[in-house]
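To keep things simple, chains are lettered A, B and C as they appear, and every chain counts its residues starting from 1.
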Amino acid sequence: MFFQLLINGLIAGSIYALIASGFSIIYTTNKFVHFAHGSTATVAAYFLYWIFSNFGLPLYLVFPLTILIAALFGFLVHLLIYLPLKKRKSSSVILLIASLALMAFFDNLMQLLFGADVKILSIFPHGKGIEILGAYITPIQIVILIVVLLLFFGLWAFSKYSKLGKIMRAVSDNPELAKTTGINSIRVQHWSFVIGSAIAGLAGILIALEHNIEPAMGTHLMIQGFTAAVIGGVTSIPGSIVGAYVLGLTENFGIWFLPSGYKSAIAFVLLLIFLIIRPQGIFGINQGNRDQKM
Amino acid sequence: MPKKLGIVIAGLALFLLIGGGCTRTDAPADVSTDTDAPVEDTSPIKLGWLGPLTGDVSSVGTADREAAELAVTEINEAGGINGRMLEVTYEDGFCEGKTALAGGTKLINVDEVVAIVGGFCSGETLAVAPSAEEKHVVMLSPGSTAPSVTEAGDYIFRVVPSDGFQGKYAAEFVYNTLEKKKVAIVYAITDYAEGLANVFEEEYKKLGGEIVVKDSFLQESRDLKAQLTKVKNSEAEVLYFPTYTEAGVVGFKQAEELDLGIQILGPETLSDEKLVTAQGAEGTLYTVPVSNESEAFKTKFLEETGRDDMPVYASQTYDAVKILAQVIESVGTNGEDIKNELYNVKNYEGVSGMIGFDENGDLTSAEYKVMIIKDGKSEDYTK
Amino acid sequence: MSLLEIKNLDAGYEDLNVLKDVNLKLEKGKMSVLMGPNGAGKSTLLKSIFNITTITSGDIFFNNKKITKLPAHKLMDLGIAFVPQGKVNFGILSVRDNLILGIHKTKDKTIIEKKLKEIYKQFPILKEKEKEYAFTLSGGQQQMLAIGRALMSSPKLLLMDEPSLGLAPKLVKEMFESIKNIRDNFDTTILVVEHNLKSMMNVADDGYILVQGEMIAHDSCKNLKNSEVMKKVFVGELE
């Protein structure tokens, strides 16, 4: 029982992590809430479904293609919608409203094109899970866990050691100083959308395989994704993945004691607790006000 | 300039958000007919139909719409109602209260229909009932089975039995026929499923059985692992699973993945083709009201619509339209007159069986049977 | 020859116009100080070189090349480095990472290590705190880090906005010694916006006075020191 709850929590956490990490990259670099991030995953999932249903392309082509399309989607959204707004010095509130409009637009577009019913993606055979220590886990779930673990280490190394990772953190921390230090902030922001949206594409694929496809699938997960990013610390990209697991595990162990309907409430309660007690999240750094130089 | 652009975008956002949730109407709004017109009036008589054309239960809703259309065609080909053609305006209820309310009130206030065939889902009917009561518009539901519909109002009728019967039947089936004494209930948080869950619990306990787990989920939930893990960890021998289609598909799939290992029993919503053919459905049992469905009707319906299977509540929908037509033919288009005359219907021979209404507008009796899902099809269950 | 030339500049923030018809000519190899009362527009002038203000008219030339409204990140390539006021460092990066960002365009590790060594020699405390987060440094150390980062790219022109702000007097003295060293050792033209005139006037070659967005004086520091205009503008500040 414990192990089943643990696995349930890890799987839920992994799915949240897929959404949260991409969102976190975009948020830390651009400092506004890109609500349409969930829609990126949804669009990727429908693209996968469309390609898979109509063309007999092999999977090893289809999956990377989907991720590329997602990256392109995010890039274009930034280039065509957010960037012009930023050039006019729009506040982050305006950008947030724009992201809501985009979210509504694309979710509805998917519904218009594909219908509101749930689409099932039958790429891999389904069946009883594999039994480990009295708990059951399916092959797809194992794949999701491994992918997210790799993603975590990848993002951690990227953030801490790679030049682009450090530059992103610099832009996130002090955008004006970044400019005068010769960093092309706009190019960095483009990259954040490309990388973040590519991860959303990956999320779309895996969630489609595990939970099937419907128009609001990505957006539904944004609440948990956003919460995970806050819990993990909005300045820490790998932290968002940790936050996602904290959330997933808390939800699944929590509803052992509560009626399962309270699952979403747990996300909100956790969010509130962190916002009140530790707004910088688990890995966020509160820089303080030493000597007024910072 | 930035502020203006922001307002435009905010407006666009609002428009899309609201527009996205808008109900779809298929029939254009007609010019209202004067319901107090003299007998020589040849303008069409307008009925409304409210059911799930999109969403979770849309496969059933769209199929039942065809049953209504079949009834309408027959009536009109036979000369209509007192020489007036019958017209139906179809509104989408999405199987949930908010959308149904919008559709229902439009039928009542804008289209000014004479009566409504619907709502289909219990949530739809319960949402629109107060308006129908107020405006004296009869609602005759072909599918709302929640026990709470009994008290929904004077103008609210149904040609399906209250789940007060079905829940009891299911409880008796589990205790007496399957001979299982411990049950877990996992139900969707909707009027329909919750009604069933509560009736089942009450009746099953009366028989001496034990409810070891009672848990719920939101209709739009797509992950039931938490609930199923609780069930697996309990001593439940049977899982009673009242749900609509999409969450049902998830439940079946995850029950198989988790190797739940116990019998699943559900209500008539499990007859949806999408569920019958879903992963993990094999061996699932479900109760259905016995429609002493005339073979003639079945053949005709399948022929006219090109379908392979009878959708659940198709014959009830057909009967609802026909009963209303008959009543309107005798007493006219006044809402109160229609209502009063309906209470006099005691022995109408419908294609779904014998129909008679009690003082609450409920069917006076109900009969059920159990089906089993085998190889992606439903068959009668034999012990 | 003039390294930096600003001609008839009108600039500000959105609709707020701060600078009016400002002229400035910076000689190569010299250290100049830009002075003026609060709100005169000194920071605005520096920021305008980097196009992070709203420039409504006028031009800026660097090495006779027009750089008006050039995107900020391109100026570093030309050899202009900036030590701003306020948040001077990337707090959540290490000291070492902060410095490396000073020449982030260079891929050659040997060059990077060589420059780091130079900077550490100039500011030993930075070597000590190499792996610490920048935000843990004290004010004076932060200032040194900011200057160090600016120097990593071996800039031809170094702009500094009130480097002594918030520093204790002893540190201020050290600060200006460092700046003098930079001018001597790194062969860099320097323009410093400063409030602490006593120290600067002894160190800098030229001085500019900006009052309410208008450049009202320019001369060698020697001449300016006891001039009438200085007395008028900075009553009591020279003590």
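FYI, a contact is a pair of C-beta atoms (placed from the backbone, for glycine too) under 8 Å apart; a residue touches a chain by one contact, two chains touch by 3 or more.
Everything numeric in this text was worked out from a predicted model, so none of it was measured.
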Joint neighbours of chain C and chain B, given as chain labels:
A
Of the chains shown, whose Cα centre falls closest to the middle of all protein Cα atoms?
A
Based on CA centres, what chain would you say lies at the far end from chain B?
C
Suppose each chain is reduced to the average of its Cα coordinates; what separation in Å results between chain B and chain C?
75
Which integer distance in Å separates the CA centroid of chain A from that of chain C?
41
For chain A paired with chain B, centre-to-centre distance based on mean C-alpha positions, whole Å
38
Set of chain B residues in contact with two or more other chains
none
Chain C: positions in contact with at least two other chains
none
Touching two or more other chains, which residues of chain A qualify?
89
Which of the residues in chain A end up touching chain C in this complex?
89, 163, 166-167, 169-170, 173-174, 176-185, 235, 285, 287-288, 290-294
Going by the contact rule at the top, pick out the chain B residues touching chain A in the complex.
1-2, 5-6, 9-10, 12-13, 16-17, 19-20, 54-55, 58-59, 189, 215-218, 220, 222-223, 225-227, 229-230, 232-233, 246, 249-250, 253, 256-259, 279
Which of the residues in chain C end up touching chain A in this complex?
14, 50, 52, 71-77, 82, 84, 86-93, 97, 100-102, 104-105, 133, 135-136, 138-139, 142-143, 149, 153, 166
Okay, in this complex, where on chain A does chain B touch?
1, 4-5, 8, 11-12, 85, 88-91, 93-94, 97-98, 100-101, 104-105, 107-108, 111, 115-118, 120, 126-129, 131, 136, 138, 211-212, 214, 217, 220, 251-252, 255-256, 259-261, 263
